[in-house]
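Written out below as structure tokens is the structure these notes cover.
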Amino acid sequence: MIKAAVVGGSGYIGGELTRLLSRHPRISLEAITSRQLAGQQVADTHPFLRGYVDLEFSGSITGEGMDVVFLATPHGASMKLAPEIARSGAKVIDLSGDYRLKDPSTYKKWYGHEHTDPVNLGKAVYGMNELYQDDIAEADFIANPGCYPTCSTLGLAPLFSDRLVEGWVFIDAKSGTSGGGVEPTKATHHPRCGASVNPYKVGSHRHTPEIAQTLGLLQGDPAEVVFTPHLIPVVRGMLCTMYLKLNSDITKQELLDMYAEFFRRKRFVRITDVPWMQAVIGSNHCEVGLEVVDRRNVVVMSAIDNLVKGGAGQAVQNCNTMFGLPEEMGLDFPGLGV
Amino acid sequence: MIKAAVVGGSGYIGGELTRLLSRHPRISLEAITSRQLAGQQVADTHPFLRGYVDLEFSGSITGEGMDVVFLATPHGASMKLAPEIARSGAKVIDLSGDYRLKDPSTYKKWYGHEHTDPVNLGKAVYGMNELYQDDIAEADFIANPGCYPTCSTLGLAPLFSDRLVEGWVFIDAKSGTSGGGVEPTKATHHPRCGASVNPYKVGSHRHTPEIAQTLGLLQGDPAEVVFTPHLIPVVRGMLCTMYLKLNSDITKQELLDMYAEFFRRKRFVRITDVPWMQAVIGSNHCEVGLEVVDRRNVVVMSAIDNLVKGGAGQAVQNCNTMFGLPEEMGLDFPGLGV
Amino acid sequence: MIKAAVVGGSGYIGGELTRLLSRHPRISLEAITSRQLAGQQVADTHPFLRGYVDLEFSGSITGEGMDVVFLATPHGASMKLAPEIARSGAKVIDLSGDYRLKDPSTYKKWYGHEHTDPVNLGKAVYGMNELYQDDIAEADFIANPGCYPTCSTLGLAPLFSDRLVEGWVFIDAKSGTSGGGVEPTKATHHPRCGASVNPYKVGSHRHTPEIAQTLGLLQGDPAEVVFTPHLIPVVRGMLCTMYLKLNSDITKQELLDMYAEFFRRKRFVRITDVPWMQAVIGSNHCEVGLEVVDRRNVVVMSAIDNLVKGGAGQAVQNCNTMFGLPEEMGLDFPGLGV
Amino acid sequence: MIKAAVVGGSGYIGGELTRLLSRHPRISLEAITSRQLAGQQVADTHPFLRGYVDLEFSGSITGEGMDVVFLATPHGASMKLAPEIARSGAKVIDLSGDYRLKDPSTYKKWYGHEHTDPVNLGKAVYGMNELYQDDIAEADFIANPGCYPTCSTLGLAPLFSDRLVEGWVFIDAKSGTSGGGVEPTKATHHPRCGASVNPYKVGSHRHTPEIAQTLGLLQGDPAEVVFTPHLIPVVRGMLCTMYLKLNSDITKQELLDMYAEFFRRKRFVRITDVPWMQAVIGSNHCEVGLEVVDRRNVVVMSAIDNLVKGGAGQAVQNCNTMFGLPEEMGLDFPGLGV
């Protein structure tokens, strides 16, 4: 069994990781940390795990004795903890934003502070499994993608890989509120968001440069991205509707064929007509659909479960790849549907 | 024009009072206080009031120059502020729980501290307008009922007035999340409550003795009440489903006739088959329906808008009565329906 | 009093019209028709109107004796009914799509059948009150705008009027489910839409040419529009998020100033930072906000209540204008906020 | 492998059964029927099953060659199909209401028609697995319990088994809308139920006699039940809040101990303080909590996923028991939590 630890297990991503790892046939969850909840039963915080996880939160871990450590810590905290864990020999999968932006100056611009771990930043492989599986297989350190970048990049990758996009892409993202984390805030206060759809951080969300970085690498030229996230009155789930212009005439059927080919061996991406968010809830799947309007305008739609494919599930998928296991191990179940 | 002030105008009840008073043909809203927001535009906090309310929050008021002061302050705070305002000659309508329980020892038991204003507690009239309109017309000080007591008592009053109830009444209440107030909490965090129905304070909610007090007065004997509130994933609205046994055989039609008679001249209570919450949203109306099961078990259902009839609307209705105006002035509009 | 009738009063728009007209100080609602419900109380179908509307549904009306007739009938039905009513001398306000597209061939292309009333199509004034108030004041026949066109056009009008847009505008619209009407459908079945956000009619919704027509007239050149509607799990309310490129450098502040000037005397449009849907619910208001990203990309956000400003409220506003009344008469109240 | 078929696979329960069986390690899903969809891919109707189920709907099956047949057909239809299937030698698990009420006259009273299969009605074992596991292990024909009876009976069984209840039990049930099935109806039309909590069939729901039957058998005397279901704006999940009086003084702790003992070896029932619906969503678990009020009034709360433990999951659990497999096989995963 692969020995794993989760650092920062009190939040939604930590709980979801624990949920998935508790059923994984080849990974043994050895420790879950939470500074504030050290000594308490994990299932007291995550009651749905009672009967599945019989661990207490540890105050901290070093990586010693672990094969892999998942960091479900906030950005800033991850890059303080990661160096020691990486030195211990454990593989690291960081779910924060700390190791996603390859350029430290871009990191500083968007996250507001210097990057303090350039060594691991250089080593970290961006864990968009459908795009970089070979690199992930060789990696010891994974920067697990953000939820919005996962959803939007999977929807756009075939177009940018084939250099078919002219000018800007406009990404209109709708996210369930669990993406905002476990701490109550004004934005996720039910009377504020429970009967509304609320745009936030218009043009200034930190996932913008992460999306642009991947799309730019795919097309070999800087990508121009406008990204507008919205909170919708749903707990789990995310839909990105994306607008762009093609640089040549391609029919919808040609695009669909291209998408089918691009994701041909990818278990978790389904090409469909119009994605239905509920079809992927609780699962690691992503549904992608598209429409061509007036010959050159493309609307791409992409749906995921923000906590699974957009976080914990993709981290487990990456872990599988790093240890030579089939990518779907422990993740091979369908979404809820309704 | 009647000069009015709202103390504690930054919360949902304060905003709702301001919304209603801003359109009232005979009440002029002169001041709205908020210690924390003093000097800021009211419409910055309540953006829906832009174009309707052109006031800044005041830090405090004394009651001087006012005909009536609405206290939309938390319990504990109200009884500190009310004595001075009452001395100024202004009528007082308190929307907190401070003046609802006539017995100070009951107050202490449920609110956890001594009552410090027994004088006004003795004078305060309980503002359940459909029951005590004559007393309210004579009053200078109103204890405005809580949202749950309003909804449940209106549904039960005819049965208790006629002394038809045997033993306990079980009240199963479902409330929109705006009842929890404007401050984010774990209970109203969308991921926690947005796809669930969550019971809370089972058997221990402070509205229990308030309901029991009124029902006991109506039947002339102590009433026995079990009260279980639930949060439902709705922002506005409340439904109480209530279960009790009759002490004699009465048909559904006889009960409906009795209800119709009881509320005959009451503009805001509608007897219906099954109440539909959305029919009262945004309005001061209450819908009441009932069913008789196996001859002696009654299920009563009652629906209100928790912020209007359950708070600000009833306060305005009481103000109308206190100043000799028709109870429906400024409140004479239907609910949204959908 | 102005004598009014509503044709097609059993749906949501008919109910909302009735709700608004029942409180209007200068309009008297004389008749409400429904072929299927003729002879039944209106308040049996719309229970929130009990105590406000004491009319039975009529089977049909001719326009005789009426000053104005609101057609809340489906497209296709309106153009069958309108000619006779218009001949009777009553003014007509049609809330269907039948008289919105000035070019009959465009109508045929998008609605799938010939236009059979070219005479009134030629006379009909498009009732976007904030843009065409002078024409509406002179009109006898109004084509009341669709909900999506109202929301999006109000957000975009200042930019197109000043010919500032380069190329395409992408409109990502999120609508509450009441926009789909009163008849149950698969799309509005709660298990299908209640925990999801569902795109539909991508690139093929009938409101597309209506939006393009107005924006094109504003800029004096054909406008290029991609429009993607989504259903969100909200009953009332609509938000449009719109993406476009400017043809010159303008700062956010300059744009905000331009918007403020454009809507200077318009009671129902509020310029804000980020619109909050709940601030306009139940009201005829529209909130518009915007952001400039990377100097030339603009994100415009616009929110309305789809049944009020997006339908019945705007119809009443137009009626006011047609009869020389202040546009806000009977509509002069704020949104619910929460 | 155990060969299984699902009859009536186009609805939500059929889809859920298929979802669970598709991952079951010892059951092989051989056929799924739908008269209307015969010949079409199952995954076209249930898109979340794409990649998991590669079957077409069959028009019908006889039971030949099957070890077990799940009937996910409406009441009335099941008792027409079951006899032939039972004769074929396949075990039958019926998820409709046809075989739950042991007394045919009670069936006729509540379902409105005669029971036409008294032979199998006599043989059918009521599949409340936590109560009747030994009988289920010996059975060839299972009447799988309804969603409301499962949720409420699990919460009440310990009290009725120990004959602790005096008089009536009042069951206030709140269900997600998926319980209403896949066909759009007025009751599940989003504008009607999406921002409301709607009681329905008050005192007259068909699950009432089913609940009373089991509770009566447990206590050895007829049980008196008032049952009020409500639709809440949630797709999946169910909470029952239940009110009753004890016939003797027992503390909360004594009750909790009794519950813990009663469900000691039951994998799927968790005793908790206050159940949280989201902790069981997507899983076969049930959470039960309780409170004692004024010494003799008990409030019991019970939560399940209505489609899993309230339907398809319990059917699989029963199938496991019938074939000598551990009850949790294929169901051994936690709820989603958020």
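First chain written, first letter: the chains are A, B, C and D, and each begins at residue 1.
Here, a contact is a pair of C-beta atoms (placed from the backbone, for glycine too) under 8 Å apart; a residue touches a chain by one contact, two chains touch by 3 or more.
Predicted, not measured: the structure shown is a model, and the values here were computed from it.
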Far-end chain from subunit D, centres as C-alpha averages: C
Of A-B and A-D, whichever chain pair has more C-beta contact pairs: A-D
Whole-Å gap between the CA centroids of subunit A and subunit B: 46
Distance between chain centroids, defined by C-alpha means - subunit A, subunit C (Å): 39
Where subunit A and subunit D are represented by their mean Cα positions, the distance between them in whole Å: 36
Set of subunit C residues in contact with two or more other chains: 12, 178, 191, 195, 233-236, 276, 278, 338
Contact footprint of subunit C on subunit B as seen in their complex: 12, 15-16, 19, 22-23, 46-52, 178, 195, 235-236, 267, 270, 272, 276, 278-280, 282-283, 285, 287, 307, 332-338
Residue ranges of subunit B touching subunit D (in the complex, touch as defined): 167-168, 170, 172, 174, 191-192, 195-200, 202-203, 224, 226, 228, 230, 232-235, 237, 239, 241, 243, 245, 274-278, 281, 291-294, 297, 299, 301, 338
Footprint of subunit C on subunit D - complex, ascending: 12, 176-178, 180, 182-186, 188-191, 193-195, 233-236
